[in-house]
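First the structure, then my questions, so here it is.
The chains carry the letters A, B and C, assigned in the order they are written, with residues numbered from 1 in each.
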Amino acid sequence: MSDGDQATVLYVMTHGVDDPKRCATPFYLAATAAAMDAEVSIYFTMNGPTLLHKDAGEQIGPKGPDGERLKHFIDQALECGVKLLVCQPSLDLNDLILDDLIDGVRMIGGAAFNDMAIDADAVITF
Amino acid sequence: MSDGDQATVLYVMTHGVDDPKRCATPFYLAATAAAMDAEVSIYFTMNGPTLLHKDAGEQIGPKGPDGERLKHFIDQALECGVKLLVCQPSLDLNDLILDDLIDGVRMIGGAAFNDMAIDADAVITF
Amino acid sequence: MSDGDQATVLYVMTHGVDDPKRCATPFYLAATAAAMDAEVSIYFTMNGPTLLHKDAGEQIGPKGPDGERLKHFIDQALECGVKLLVCQPSLDLNDLILDDLIDGVRMIGGAAFNDMAIDADAVITF
């Protein structure tokens, strides 16, 4: 990237509530990047949108029942300014509608995602 | 990327017929990118080559037995000009040979893949 | 990337000893890239650090009990100059400490990882 520009980092999350051990890392790394003044989004596709269900944040956590909840990591990312984006067809894949998800999630199509990926300084898919 | 250049996007698919829910997204996004005039390839490695088996397209689909077949998404990608590439060692990993796969798949080695990844405007791994 | 520069490639490995079929590809591709004079690192996060446990290299292999061991692929990558990096919180996630891992693995934090991803010519996540 050019010197002086703000870096843009696009995380992609493809795993959902069935893989709780994988749930925290994208939010943690995205929060870290946003705290470094990068412009950071996480795009949820495949099973990823299930993590954004209103009930998921309290139900699962990366270290099981006794560890930190997913909500902790989502909240941290949101507080740092990370944008949460969801893939339209993957909502249908998981029998979800946008209203099932936590507030602040924006739905985008495949073309907008590809544009973001092409323009990003890094695309990191989980 | 430089203004005026055609964007190149490299998708990588690592999941195969054992994860039908994940099978359609790379083809869908790649088709979308190709329809935007990007030069788009999907590289199949790990379990990914199993999706290209001649029989897989009719056998699985992202939404189970009643939903759209994988073949629909593969055909859409091919019609948009997406190139399908397969990793040589991962054919062996899945006990496949190139003749088991649908027509038009090209086999490339690790060095060619790395060159493509370095030159691409975006690498998106699933 | 600019002509004449050495390319930098950052692999990310998120799967561990529970997915032996996936274990060899990142080491193989990273070794190939390093042999092409790129500067190559593999960052292990989520379940990835379990592959670096001192005992894992002899215990698993991509083709099961009769095939090549993981150790073969790790050694090949190390001989080509690939750097192995591990994510600090993911050690805890897998109940590991750095001393459990093979020699030469370096621990880095999320900020350092993001910087590497932003500066890399390609980030390839598995």
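Here is the rule we use: contacts are C-beta pairs under 8 Å (C-beta built on N, C-alpha and C of every residue); 3 or more make two chains touch, one makes a residue touch a chain.
None of the values given here were measured: they were computed from a predicted structure.
Copies subunit A and subunit C of the same sequence differ by a rotation of 120 degrees once their CA atoms are superposed, given in steps of 5. At the interface between subunit B and subunit C, under half of the residue numbers appear on both sides, which makes the contact a different-residue one. Mean C-alpha positions place subunit B and subunit C at a centre distance of 23 Å. In subunit C, the residues touching two or more other chains are 123, 125. Every residue of subunit C that touches subunit B in the complex is listed here, in rising order: 1, 7, 9, 21-22, 24-25, 28-29, 32-33, 35-36, 38, 62-63, 121-126. Contact residues of subunit C toward subunit A in the complex are 12, 14, 45-47, 87, 89-90, 93, 109-111, 113-115, 117-118, 120, 123, 125.
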